[in-house]
């Protein structure tokens, strides 16, 4: 088991992040208003921790996830990875530092590509980015290792996504993300679409990977039980703003903001 | 994946029928020298305009050439034109459609306006004008048909791109840091194949008709090379005396185009969205 | 005192046809719903719970699936053998159903008022004037706690939030005062705060109207909140059935036990957050392919206490303790 030191630097720092979507009207598409999806939020993630962003639909957590991975460009604000401004990094460089797992295991894998191709695209990318020459046999080996690492058999390279269950597809998605050897993984509702028994397996897997690979997670979720189990610190979002933040124990045991209280009360049982 | 496609394809009677005919035509074109009873260009003035007989199954034309042989060799022309013209149209249409649908914004607007403009022109007259300036031969014909046939496909491909582009597996590819070109060609393209395949098969039928019309008007394939269209040119002058000169090439065109259309329609049924559902 | 069984599903089997494969979605499933009771049907995807719900009102298209055996007894009649007209009378009027996604269940081109009115006018015998109908609709919407019903009734579905859409669904379902409401994952698509309101609403309606509810879900939290009895489904058949408190305190079937153990809410990590996080006790393997079920007990490949006999024959559902049933040969107090 590795020693995890939490105080050794902030792996991610988000400062005054804003994302406004313009609302256009009329045939000339005049901008009349803005949807303030993310409205001036700031938070830090320490290395090795699992940091959760919770809230209900429309609160801006998914938008934040996309901003961190730069699938969207912020309207304002700064995101830094170990102090380095993310907008100054090339797309390739960023993809080797931060990766993302998606919610819907059915939509996150290309239905027309084989599993081997899906994961190979990621591994190739990493090889090319680090200047290594692509060697077929080692490539295949690495793909198989990745699949085994997420709990799948290594011989599924020629199969297609539709042949697998939701939980298995989610594992493939995780393998793809791991192929880039990232240090931070943004997990956007990683278990929301899964059955309870599968959910437990994936949650265990995420924890195992965290320990064996020294990963940090930005967890986006709406299921407060999952968040409580998995995370170290949690931040509550509402309509684009942060309303409460703190360690999981603090927030769950003594919520301060009325919305947090409402959320916690609404958990059945 | 393809197994499912194949199974469903086999069940679709129309598509199967079309496919069989096309296969037969393709084989005919390839082994033409082996099955044609006569040299298609061999003239025999003594026996011109003879009706169908045991010697000349479909009769002879105005220069005594065997009609059956000419029609068999004409298959080559039709198929060649079909594939090359549509091949050109598909390449242009797919690329433009992909760029348009994937990038959106100004590029999309520009390409779509281009498409709109192209669609304003009556294609056939455009082709006539161009051929009139250039020399009428089979290559020019193919290229021109191809260059005028892409707008419709562009729209279709763009439409598919717009819906697929937002799906999470494309976002995942972007997050991997893959280049846009790679995402378009490796990740997006296989998912937009369906309209392309359908447009291709239907397009071949259309291309053959256009070539036949051009050849009929004397602006396409030039004699002595046999094309179903230019056989009809001769046929029209002798239509009362030698009906076989018009009937048989006409039938050939009809059957071929019908086969492609059936195949195209069948493909449309067999392919998405049901394929996605499985 | 014997409770009157309002609805009884007996040995229901349903097959789906996909290409050449036959999928046994339901195999000999039986449940019973008493008057004024909320029964929770719990299971994961593919277990057959939605199939069961749809079968009650024969809502499965002939092309896709067929009920191969069993009966559904409602008020002395077997619903599966009723003539079509009689079935139409019962649908919406005596037994209503609401679905998971209200947005796709409501017709996007009709206003709310019209959709509610449609249900009423089909089932009512006499003609109702439009003025009266408006009043009825407003009362219904008030009953489901719709804000400003006089205005919202004229909205189109897309103008309403998810919670409001679901209230409309409930209003339509209850418009003819049915005896049974079948709710298929009614809150899965909703936020957790709205979910709480909708569940509260359902409980209130049960009390006020004497309604019986068959609630289908995969969420144990929900059933804990409003159900009195729970039936657990696995691979097309019921594997455990008992009162809610019994299920949570004393689950007898290994699958139920496994499910409850995998819930993150039941795995409170130790007080201070160390890096040593406890892992969830997950059930190994995955749900079997309904077209390719294992032999004997369908859960045996994943069962922690499996023995040789489990592979041979599928166990019967037997009463282990008073009114607590489990389908396992090793289930015991």
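Order of writing sets the labels: A, B and C. Residues in every chain begin at 1.
The working rule: a contact is a pair of C-beta atoms (placed from the backbone, for glycine too) under 8 Å apart; a residue touches a chain by one contact, two chains touch by 3 or more.
Here the structure is a predicted model, which is why all the values come from computation and not from measurement.
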Taking mean CA positions as centres, which chain lies farthest from chain A? B
Central chain, going by Cα centroids? A
Find the geometric centre of each of chain A and chain B from their Cα atoms only, then give the gap between the two centres in Å, rounded to an integer. 48
Separation of chain A from chain C, taking each centre as the mean of its C-alpha atoms, in whole Å: 33
Between chain B and chain C, what's the gap in Å when you average each chain's C-alpha atoms? 54
Within the complex, which stretch of chain C touches chain A? 44-45, 162, 191-193, 195-196, 199, 218-222, 224-225, 258-259, 262-265, 267, 269, 271, 273, 275, 277, 279-283, 286-287
Name, in rising order, each residue of chain A that touches chain C in their complex. 4, 48, 56-57, 165-168, 195-201, 203-204, 207-208, 211, 222-226, 228-230, 232, 247-249, 262-263, 265-269
Chain B contact footprint on chain A (complex, rising order): 66, 69, 71, 90-96, 99-100, 102-104, 107-113, 118, 121-122, 125, 129, 160, 162, 173, 176, 180
Chain B - residues contacting chain A, complex: 1, 167-178, 186-187, 190-191, 193, 276, 278
